[in-house]
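Shared chain: chain A. Partners: chain B in the first complex, chain C in the second.
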Partner chain A sequence: MKMDVNLGGTPIREEDIKEKKVLYTEWIPKARYAWDAGVAIGRFLEELKNGRIIGTECQRCRRIMVPPRLFCELCYTPVNRWTYLGDRGRVRTFCMSRVRWDASRVEEPFFPSVIELDGGKKGTALFHVIRGVDLEHMKVGLRVKAVWKAPEERIGAITDIEYFIPE
Partner chain B sequence: MRKVAIVGAGMTKFVRRALETPIELAYEAAKMALDSCGLTLKDIECVVLGSAVDAFDGVCMKGEYLSGGAGAWGKPFMRHSVGGGTGVFSCIHGWMHVASGMFDLCLVVAEEKMSCCQPHPQGAFLTVYDSILERPLGLNLLWVVAQEMNHYMITNGLKSEDVALVSVKNKRNALDHPAAMLGADITVEDVVNSEIISWPVHRLDISATSDGAAAIVLASERLAERITDKPVWIAGVGYNLDTWYWTSRDLSYPVYVEKAARMAYEMAGIREPQKEIHIVEPYDPFSFKELQNLEALLLADRGKAAQLTADGVTARDGNMPVCPSGGLLGVGNPISAAALMKVCEIFWQLRGEAGKRQVPGNPKVGLAQAWGDMMQTGTVVILKV
Partner chain C sequence: MSLLERISKNTQVKAWEGEFPVRYLYTYGIAAERFFRNIMERGTIVATRCALCDAIYVPPSIFCERCFERLEEWIDVGSIGTLHSFTICHLNRDGSRRDAPCLIGVVKIEGTEGALVHYLGEVEVKDVKIGMPMEAVFKNVEERTGSILDILYFRPVR
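And then the complex of A and B:
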């Protein structure tokens, strides 16, 4: 490694920017998107509005998929058996987060988790956030249940489930 | 397929925020790689470019944007992107161009300038998650990896202290790397007492977002030995992709990394990896990832990588040095460039050119690995002298 050469890459500091010692241009994108939920997720969201969680079962490999798909990616065959799952389940894994999506810090930590829903089969699991518990009492295998928004407030979105809490 | 060798390598310093533009960083690394083997851009027949997530630099079609810095104008050019796996895949992508017989000399460049994204590059990860079911919950890479770390630790009965040893080792190794931004002499206590970001992930369990670039030059057998008397041969490559639905993966064990490793071992004719691989640069953006990846690479028994670390086996002077560069935890993590840096490190180590970082014992076979896409891809290269 001939690293006695002058390596490129000049570090600059926050102060260099604040004191305008380096020049830069800012841009705040205002891109807007409207994502169609599609056939399978569309039905999933409709059911969330009804306070229910629905998945699909592959008749070949027998796994139940949440969120539902119209085809099994592994068997590569169409899937048309719809099945309701419980809005309760057990924690497969979790973390206790002190950061939001943009790495800004929160006052009260919460628990992003993978939840194995009752009635699932062959690895069925949903991502959501668990609240109302502390690190000492949070465990893999903990039983949890969904806290739904009031029916008139539901819009057919994953946030119709506000979060999960211990049973 | 034809034999392919790495004949030159280069990189920039890895820094939290660089004065240089992404294009300038790409140029600096590529020029250093060319100079290192006495070639000029005129000699290069094709250019391959790796860059992970366009949202960091804030430029869509980043391949075209960077192409001038990467020396691609007037030449066949291809850009690829497999998230964190990109840097090692860059080497594989370049290998394809030369092994196929289409080209004799290929310049491979990887660049990432994460600092462009304000106020913190972590926010850019939101753009890679499911738009309907995950973004509304504010899903964050730290949350996913912390859940994976927890699952790995519980499955294998590990404590934070066991995992923290990786950060201690890699940051110390990086003190000897002239391009490193995170070299430090710290203790296990420093790691487990650092801020909890997303338990069990502490601040010092994570690499930092960074700016930087790296590059290598690939040559066919016909030219390699004319360019250098120390070509480093690409003996095996492997890559594999698991499901996009991360909740249905086994988060304790990255089976896709094992599949990628088996593909590379088979190509390289390696039957007993633990005996035949001398040095390793596994992907270490988080401390536990080095351990989990070593196991999936079959270089440690399941659940035993932490013990190897505690026993000093993975130290620079151990039986199987792991991340002698300092890794992402020590050198820094400009995503695609960080993983290509790992390939550069194996190249320098096998040539005996790693300076203060040189591992003893004249290693002959090394492996570099990265992990990426939606935390579902394994990319592996095996290098030999």
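And then the complex of A and C:
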């Protein structure tokens, strides 16, 4: 559909900026942050450094939460049972991405996915990236396993797991 | 497991630090483009005037804030004004302490209802007073880049 509405304004082209036909201000703000991980995520990150995935279990509804939380937002009760989960699981849902977080293109598409971990329950799932599989073989239910960074390279971050690959 | 135990085991990872990788390029638009070009090339402050409302806008706008009329009338308003307000700044933008405090003021430009926020110079903290007549001091023309910092500061009119 062709739009004939004149929205007004003054168009500006990238060349106008490159050729310095217009004045402009360029700036890179230094936007640093420190996000308080809290008790549950703090422990979760610490355990990733140890090569383990930890969650919490609600003693009321018995569901397991990963990353762990200190209360169950369904039962609205405090949660105090820690439980380790496997670093293998099955794909719950996925999408295929051809771009990085900054929208730059990648050579090989990858699959940001929700992965149900072994030792958990229905809905106990971690969000991570699956690589080493093509779209044809990617499917819900696919068994995958974590690929960890070397212990000395781990810093207590979700990226201590580099990605998941098919088992 | 009690809450205290959980906290005692959580000593190594407490906060997640990062930096938002953001950058921007801001083009000034029609009115500010002309405003900064005049500062850069002529060392003058220009304004737009609404004849209907008898209002003069500094920095200039291409629309009247009162009647929304398109403004086409451009005038030179000189570089003199009065100090409307000021503050004494002891910290840098990053929060570090300055060796010496600096003054930042709002200067109402003579004959207009507009004002510019800028550094105040050639005046001691103890001497600065609201209502003082001030004038803009420009950089040398070859050093100007089309920025508000083409004005070095406002100083008391001598």
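Worth pointing out:
Just so we're on the same page, the second predicted complex is superposed on the first by the 139 of 167 C-alpha atoms of A that agree within 3 Å, B and C clash if a C-alpha of one lies under 4 Å from a C-alpha of the other, contacts with A are read in each partner's own complex, and residues count from 1 in each chain.
Here is the rule we go by: a residue touches a chain if its C-beta (ideal position, glycine included) is under 8 Å from a C-beta of that chain, and two chains touch if they have at least 3 such contacts.
Here the structure is a predicted model, which means the values were calculated and not measured.
If you count the residues of chain A touched by chain B and by chain C, you find the higher number for B.
Contact with both chain B and chain C is seen for A:Ile12 once the two complexes are overlaid on the shared chain.
Of the two partner chains, chain B is the only one that A:Ser97 touches; chain C does not reach it.
Contact with chain C, but none with chain B, is seen for A:Gly156 once the two complexes are overlaid on the shared chain.
In the superposition on chain A, A:Val147 makes contact with neither chain B nor chain C. Shared-chain residue A:Cys75: touches no atom of chain B or chain C. In the superposition on chain A, contact of A:Cys61 is made with neither chain B nor chain C. Of the two partner chains placed by the overlay, only chain C lies in contact with A:Glu46; chain B stays clear of it.
In the superposition on chain A, contact of A:Thr25 is made with chain C only, not with chain B. Common to the chain B and chain C interfaces on chain A are residues 10, 12, 22, 26-27, 29, 33, 35, 37, 45, 102, 157.
Across the complex, chain B is touched by residues 1-3, 5, 7-14, 22, 26-27, 29, 33, 35, 37, 41, 45, 65, 67, 73, 92-104, 109, 112-114, 123-129, 135, 140, 157-159 of chain A.
Those residues of chain C that touch chain A in the shared complex are 1-3, 6-7, 9-10, 12-30, 32-33, 36-37, 40, 94, 146-147. Those residues of chain A that touch chain C in the complex are listed here as 10, 12, 17, 22-37, 39, 42-43, 45-46, 49, 80-82, 102, 156-157. Of all the residues in chain B, the ones that touch chain A in their complex are 9, 11-20, 24-25, 27-29, 32, 35-36, 58, 118-120, 122-123, 125-126, 131-134, 136-140, 142-144, 146-151, 154, 178-179, 181, 195-201, 211-213, 243, 245-248, 251, 348, 353-355.
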